[in-house]
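Shared chain: chain A. Partners: chain B in the first complex, chain C in the second.
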Partner chain A sequence: MDHNSNPVTAESYEQRIARLESKLSSLEQGFKTKSLLQRPVDWKASSEKFGLLAAWLAVILILGAFQPEQMFSWNSYATMFGSNAMIIVLTLALIVPLTAGDFDLSVASTMGLSSMVLAVINVKLGMPILFAIFLALSIGAVIGAINAYFILYFRIHSLIVTLGTGYFVNGLILWISDSGTIAGVSMGLVNAVILYRFLGIPLGFYYVLILTVAIWYGFQHTSLGRRLLFVGRGREVARLSGVNVIQMRAGALILSGLLSAFAGILYTGMRGSADPSSALAFLLPAFAAAFLGSTSIYPGRFNAPGAFIAVLFLSTGIMGLSFLGVDSFVQNLFYGGGLVLAVSISQLIRDRAPMD
Partner chain B sequence: MKLISLTLLIALGLSAPALADTQKAQALIDKHSKLPEFNNPGEAFDARACMKDKKMFVIPLTNSNPFNAAISRGFSDAAKMVGFQLRNWKTQMDPAGWIQGINTAIAEGYHLIDLQGGLPPEFLVPQITEARKAGIKVTATHNYDATTQKKPDFLDGAANTDYVTVGKIIAAWTIVKTGGKVNALVLGPDEITPTAPIRDAILNYLRDNCPDCKTKYINVPVNEWATKGQPAVQNALLADPSINYVLPVYDSMSQFAVPAIQIAKSKAKIVSYNGTPFVLDMMREGDIVEMNVGESLGWVGMAGTDANMRLLCGLKPVNQLNTPAYIFSDENVSTAGVPATFNDGYGDVHQAGFSKLWGIE
Partner chain C sequence: MKSALVHSGITPTWGNALEIQNLSKKFGNSLALNRVSLSVRTGEVHGLLGSNGSGKSTLIKILAGFFSPEPGAQIRLYDQELNLPDIGQMAHRFGLAFVHQNLGLIPSLTVTENLFLGSIATQQNWNIEWRELHRSAREIFVQYNLTLDPTAMVAALSPVEQAMLAIIRAHRELLATENDHPGILVLDEPTPFLPRKSVDQLFELIRTCKDKGSSILFVSHDIDEVREITDRATVLRDGELIGTFDTHDTDHETFVAQIIGRDLDKFAGSNVTRDTRKTLVKVTDLEAHNFGPVSFDIAEGEILGMTGLIGSGFSSVPSILFGSGNSYSGLFKFDGTNIDLTKLCPRQAQELAIAYLPADRLGSAGIGSISVADNIALPVYPEIRGRWGLTDKQVLDHGRLMGEEAGVKPNDPILPLASLSGGNAQKALLKKWLQISPRLLLLDEPTQGVDVGARQQIWDALVNSAANGASILIASTDYEQLACLCHRVLIFAKGRIYGELTAPDLSKNAIAESCYQSMVASS
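Let's turn to the complex of A and B:
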């Protein structure tokens, strides 16, 4: 724990954090200063901030011109919001460690394991759904802790560790499920996720909305969130400023596991069943949304509202094109293309600084 | 009065659209709602005598799939009944495992290798050729369709499934239930061998027997059922809320179709094929899965063994499994077990049938 080698007093610690914070915000604002001086409204910054929202609106209007009946129907959006809840949560699970500079490739596997643990405990063992949910969430946190241990103690790159743990977890899923799909999960959960609605939108969406607001608040308005950002921006600088880098990264990975497990609970609740492999396919859509989200609202940062809008933007495009009768390969084009495009845009925002 | 009735009759006759053939559809449903009967696939023969010094090697698509595991058990049961050596190879849907299986069978001097339950023989042509050079017969059970697909030349035999009838039963059911007003969304993964015959049978049967019926087909590859299947069904239901049937070619897709139907607040029902236990459970406990065409997998294993033994004993080849397609609906789904299994509900006439056929009684 070499960060303790340079002990700091409480006072100087706070001062350092404040200095770091002001340096960070001056860096972020740097490119805007010139235009701010020239005009009262910073159009460039605003267009970056709200570009994705505008693009979303444009997609709705353009596709709506061809399919007004479905594209301008509230029911279409209510349905789409409800069915994307778990992808939003999985995206949120990704942006927490990404903010701290770590990749977590095991999120989709953790989601799958949580989904299956829930079904096994509730259906096969006949235990109450609340206990099953508690256990599924705990397992998610444990996987996050295991990732953190290998990444931080052995100092291995997060990509390698989480690739390995993800694959390991896939094996666990096949083992506990006997490679089969388990149906018949408590209707209480299914009701609470998709069958009960408010304003026509399944309840699952509202849990995710609350979660997004909570993570946004945590990132933007708490010192914990700011410290996580420093860790991601420069580990060494953060360490020298007295931030407990190890603790922050471990916490981010554990939270990522916990959120992935929550995505798994929503996934099982949506279907009333769990299968051993399908959750794994959500990894790429979640990555695409995380990076696309980082180009908007708080451009250049992984952020919860951006991620939230990005998932819905991508799904709106896919929905509209399906209404037009385009084949289902359009999803690959959207998510794959969206990921590369989003990373390219965020690189432009960062003035094409090399990615570590 | 007579004149009025006559005019009315003529007017009705002229204006009435072509009607769906519900009677024909009902007859097909009735036929496959009865408990399966055993029909001899070929002549009776003395299986014990001809299999005395022969060994059979079965390679399933994967062991981690209850469907293939149930067929493998059928093969083992048959081998036990007759009393010959049979080895069920363990694989995890990996070509390396399949190849290792063929090599083991060659090295250990087996007489026949059966690629069971959807393992695509096309992936293994060099290994199959090598095995045949070593004098081993190579066959495939439950992969090709009995009428629309042919056994490739590089195989010695194939015990095929009547997928076309399965597709027809699914289509007929929807015609009967709606009185010829079907608006069906058909789903299938095109990359799987049996998809084409089932898909075409459903679409063609509706086209030929139901002039007012509408269909739409969406291809969703297996590994993208979750990410694409659900949005595709959801969007199709939003685009056309009058869709009253979702027909996945394989019933495992139901787990993604059910939430799509629920979220889109559609009243569509699901009718499908395979008799997979969790889907039968969904039928028993919910209202969306309405009917499922299944087949006894233990029976499939025994029928595959029968075809293989005939090949080894130089008898007239059998190319079609005699396992009948059987309809599960709310009325009889509990006979499949609670929770459902792959083998219950079909009766066990096949066991007595095969032992008589093989001269074991």
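Let's turn to the complex of A and C:
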């Protein structure tokens, strides 16, 4: 009755409701499109992403304040890029199995063996350099395959296996080299790695740049690379999703051996000679760079651009310190401290979840 | 009166070893325990019965200090009031010891090391006399009429020996406390995987503990075992106290009626009869360790449920048909072709359009630290990649689309999977498989730890998928879910199919009843 007696107010009431509802829905719509399209710039995320680049810049500026003429000269960097190329390759060799969840402690030894094999075949046996390169790469792949066999068939932890094979390989290096340095490697290789330059930077650096892009593409833009991440993060999940986990892990270890061997070739080419022990010292820098790199660009994942920048960051620091005339033991402090610091930072990113 | 006796100091006697009053526990809006009271007398073996979701494990977890009860509850141990809610340490000190189903033994250590684990782990001792320890272990076993080699590895013991070792260890802990009373031993489902003969041995040990004056709270789903070993038993159902019964005056059927309840079906069965379509899956004489032989088939568009009590083996079927376990035999015919079960691997199964969603959500089904989008896209990376390779944008767009269809909230596929609630993570992981339009979908507890709303959405998705011709196999102990979803439910007992329920008779209670009957029939 009430309703009939006063139709005007009833109607206006309904109209009001309708108006409010339409206003509400338009507001909701606006909110939705806004939140979908205009994601606010996430400062925390981008500072995480580019933190390492900023740190690199900061190191250059700080050290440059003390040694401006050396730190701000293009020549220093061109030389440094060239002479650290093989560390970048070694770091890339590490992050492939690390992404698949396996440690490879034999990378530096494989690098040393490859370097020595190259010199022995080319210098002592006098065979052509291309054949020597082919053989050195094959040996790297074989060491990777041996690691894979023991890790996957006997199900031994990768740390144990690669620690053992690495040490074994060290013995092989001393054996084939008679514990001595072999000099006189083909100038063709030396030219192609260090003597020919583009923009003042040795060619070797550009090979490594291309390799970094290739691995970045492989990790980020192929299904294979993404599956590799699943293999590393959760073997059971990957397996139950139809991924051939054994094959992926074996592939990662073999690629690691192959890349380490390539690092060895660059190393020999850079110096024109091979010695039995110096390559082994690159294991820790590579680990430090791999973990430091995993805190940036794609934070929380081992990634090629991050590794690339991390090596350059660490090398810049060491270069600057040597310009300042600091003793060479600082290298050890820098790399060792860098590794622990990098892992601590990446743990903070992961909210200190236990590492597996 | 009682307290007067205690304080008089002369030969204390206690009425009740454990007295629980008004114990409630809420999880969100659902009441897992509603004002439950129960008492365990001194020197009594007291059973605690109830089916899944009855609240018995919640009660045990409160006693063990994993959960805190709602305010208003009272718990007394030998007339000593426990401070609620944090009772964990206190309960232990005042004489409450637990043996959980996983026993808490370390398989790679010796019997002696496990027996004295508590003291070795917590007390400083710079000179452990192993010979002495082995000797005292042997002496302890003699007290319990048991012969165990103290130097043997626990892994080498039979399951019942392991269970007995765990019980003796717990009982020793009780006697070692500085109380003047013999304590209460809580045995939480100690028997589901034991053969009958071993159960007898275990019961002998329980009686020995009882003879030493201790009380025992025996938690089990097995009515006959409870009737055999206990003096009284308390039944819980849906968080409510149904009652405490003298076991000797109560027969099996009465217990079943109390556990299941005779009230009307709250959830009627789906009562969906499927139109007879062609058989897609035919399994004959499937056998594995302690399992089978079982044979069954699934038609296209059919939802087949599998259930049973703990240890009945039904839960291993989905993973076997996906080829993810090993060492089993039998014939598996899929769409007319024979599949070699010994060679079947997840990859091959997936090529046949078989999909499997394991129960362990963040252990086997998805990876918490990786984005929702990547978790969904894993099986279809090659399909969504563009000409220049896979980009984050493609993966995220795909994830957003799939999340939208599956009703994942929030539908922000860049988030790591672990940041979603259980229900939403499950929706996403189910979508991971539904997107490949599986012909056979194998599910293990698909809605465990999933809220009611998400549960309905998952059910809808499954019904929808079956309507489009997929065959679905659900292994679950959630009777309500099976009754609502399935066209047919197979009841397992001791590794075999005990019975089959089809549409008109399919209800939560019918399934529960069948499960409990299966226990009797198979023992």
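Following the convention adopted for this analysis, the second predicted complex is superposed on the first by the 317 of 356 C-alpha atoms of A that agree within 3 Å, B and C clash if a C-alpha of one lies under 4 Å from a C-alpha of the other, contacts with A are read in each partner's own complex, and residues count from 1 in each chain.
Criterion: contacts are C-beta pairs under 8 Å (C-beta built on N, C-alpha and C of every residue); 3 or more make two chains touch, one makes a residue touch a chain.
Everything numeric in this text was worked out from a predicted model, so none of it was measured.
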Chain B and chain C placed together on chain A: clash or fit? fit
When the two structures are overlaid on chain A, which partner does A:V89 contact: first (chain B), second (chain C), both, or neither? neither
Check: Touch check for A:F282: first (chain B), second (chain C), both, or neither?
Finding: first
What is the contact status of A:I194 with respect to chain B (first) and chain C (second): first, second, both, or neither? first
Determine, under the contact definition given at the top, whether A:T79 touches first (chain B), second (chain C), both, or neither. first
First (chain B), second (chain C), both or neither: which does A:V231 touch? neither
The answer to whether chain B or chain C touches more of chain A is B
Rounded to whole Å, the nearest C-alpha atoms of chain B and chain C in the superposition sit apart by 32
Going through chain A, the residues touched by chain B and also by chain C turn out to be none
Touching chain A in the complex, chain C uses residues 322, 324, 346-347, 349-351, 356, 358, 363-367, 369-370, 374, 377-379, 381-382, 385, 388-392, 395, 432
Counting only contacts in the complex, chain A reaches chain B at residues 67, 70, 73, 75-76, 79-80, 82-83, 174, 178-184, 194-195, 202, 270-273, 275, 277-279, 281-282, 285, 315, 318-319, 322-323, 327-328, 331
Note: in the complex, chain B contacts chain A through residues 64-66, 218-220, 223-228, 230-232, 234-236, 238-239, 252, 255-256, 258-260, 262-265, 276-279, 281-282, 285-286, 339
Chain A residues touching chain C in their complex are 217, 220-223, 226-227, 229-230, 233-234, 236-244, 300, 350
